[in-house]
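Notes to accompany the following structure.
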Amino acid sequence: MFKAAINAELLKDALAALAVIVDEVRFKIKPEGISVKAVDPANVAMGIFELGSSAFDEYSADESEIGIDLNKITDLLGIADKSDTVRMELEEENHKLLIDVGGLSYTLSLLDPSTIRAEPRVPQLELPAKVVLNGADLRRAVRAAEKISDHMLMGVSGDTFFMEAKGDTDQVRLEMGRDQLIDLKAGEACSLFSLDYLTDIVKPTNKVNEVTLSLGRDFPVLIDFEIANGAGRISYLLAPRIESD
Amino acid sequence: MFKAAINAELLKDALAALAVIVDEVRFKIKPEGISVKAVDPANVAMGIFELGSSAFDEYSADESEIGIDLNKITDLLGIADKSDTVRMELEEENHKLLIDVGGLSYTLSLLDPSTIRAEPRVPQLELPAKVVLNGADLRRAVRAAEKISDHMLMGVSGDTFFMEAKGDTDQVRLEMGRDQLIDLKAGEACSLFSLDYLTDIVKPTNKVNEVTLSLGRDFPVLIDFEIANGAGRISYLLAPRIESD
Amino acid sequence: MFKAAINAELLKDALAALAVIVDEVRFKIKPEGISVKAVDPANVAMGIFELGSSAFDEYSADESEIGIDLNKITDLLGIADKSDTVRMELEEENHKLLIDVGGLSYTLSLLDPSTIRAEPRVPQLELPAKVVLNGADLRRAVRAAEKISDHMLMGVSGDTFFMEAKGDTDQVRLEMGRDQLIDLKAGEACSLFSLDYLTDIVKPTNKVNEVTLSLGRDFPVLIDFEIANGAGRISYLLAPRIESD
């Protein structure tokens, strides 16, 4: 059993953050909320998604697992107004999700969860440095780096967080000191990341006040932030690139 | 003789509603206003268009018939400001329409009306059910149906108006009861329509408060609404599709 | 030595006006400001660009010449906010321009000026007629002409400035009398210009209050206007087209 109601824009934003990683998703539904763990097809980025029951206007659920094509549901939500309420109800016996929004009733066929890649194991990493910054600052640096290169260094040196991209002839660097950051835990950290992935991952951070980056030396970065006004959380784990030249 | 002045946005909206059906149009000009009857090249949709002289700031005309390429005139109006006045004058002897708008003077060659398909005969139909609803509601349902299928049922069942689209796996349905509609005349009605056509036809209804649908059982739908603040009217007659599977 | 600070939007607008003519530019830097003279690859249009030191918040410079790829710098400024300050500093020894904007530090490799086409000689022309008009009026007429043809007449006849485009069947004409213009110096003038070029040239005039056109009979047109709130100036010289048919 699963029956819930939630604000349309909040749901749209949450699903957009997930769509960065995968199109077809196994949602784990529990009485305390919904969660997803997914890896992108190339095994470079992982998304860990949690949306607690308090994010919903109404929520009642047993344990179950459903498979959803995010593109379909995003398409449908595109027609909703921001302030619309989305009502969802699971029809377990015939594998349908009933969605009601803006007077329209959708009947969505669910995917068989067993056809979707299984939940990955989340690695336990020791990431010595931690940086908390504004999402818009992060996104701006990534957009600037894209103009120059297809990969980008991120690291912490002393009390300074830096991002840097080098092209054939040009270069861009952002440095933020302790006073420009929301928080900084110093630690030796410097890793190179693919901008293909970072560009997508930082898109949903644009409206986010506090994004936390956890970094190491040639280690993955953990990028995480709250969604749904604190009632949910999304974490991305992005593997480093080996220095190319 | 034909000489008239009209608000640019009003003319633009009226012509856009007509352009849904055809590109080249025979305008019938009379002392009491302008009218068009046209069928789309595939004979699926008909448009009946009337713009009374009261829609114009100035209007004086004898009877005449002129052929116009709507794309050209729409292009020119695209440069006008919403509040601009469009002045038109027919130069009968050399088949030109003089258009003055925003300080620019256009001389447009007219098409020979005899090269444009003749006015169709408008069939007399007995359409038992009638529904009056807000144009934005209609457009939303059509946009939702497009996500799912390429055709859509519209009908009346008891005191409920419904629109429904079924895809291979998914389905969307809108039901509106008497209290959600502006008006309803109950009657047995259920027909299937091509969304290719409906999508275009409902585009101009987005700003329209009251759209009237007249429906029957496997019969055409008549969609009509006022334009030019009530000084004109456009009606579309759309043939039903035979149930495909 | 060159070190300067300037408002990001002002710089963006100035460079956009220049990019109409060429992509790779030789900037002449002097203590009193920056200047460029450039011809488009087809030798049809020339741009003469001056940005005085008073356009800058800070400015100190010796004489030097640098080569810049406008696309690169425009790309980078695209990320800046309108109110950001752009700080630039020349690293002469290694041919780099350091650009600081919105917390991001760019290191841009300069082009070797000797690889960029040399400054053209600006011809001395006697253009008898002069028209001063609002940039938005000019742009509107050019946009209207584009709908009809690929070239456009501009001229002065008596006390009237006119622009006219003739297509195969249609025609558009703008006439502005002395009272609709900001200023007019009468003189016999009528020349035909390519709309390919005019379209690009008038794009930056859209926000400009006063654009001066100097015209002759089958002579180039000189289009010029202030940039940077009067602290700079751009002039375009566009060759006439020979009447085609």
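Odds and ends about this structure:
Per-chain numbering from 1; labels A, B and C assigned in written order.
Simple rule for what comes next: contacts are C-beta pairs under 8 Å (C-beta built on N, C-alpha and C of every residue); 3 or more make two chains touch, one makes a residue touch a chain.
For reference, the UniProt names are A, B, C = DNA polymerase sliding clamp.
Keep in mind that this is a model prediction, so the values were computed, not measured.
Taken together, the touching pairs cover every possible pairing of the chains.
Counting every residue number used by either copy at the chain A-chain B contact, under half are found in both chains. A straight line joining the Cα centres of chain A and chain B is 45 Å long. Shared contact sites, meaning residues of chain B that touch two or more other chains, are absent. Interface of chain A with chain C (complex): residues 137, 140-141, 143-144, 147-148, 169-176, 180. Those residues of chain A lying in contact with chain B across their complex are 72, 75-76, 79, 102-109.
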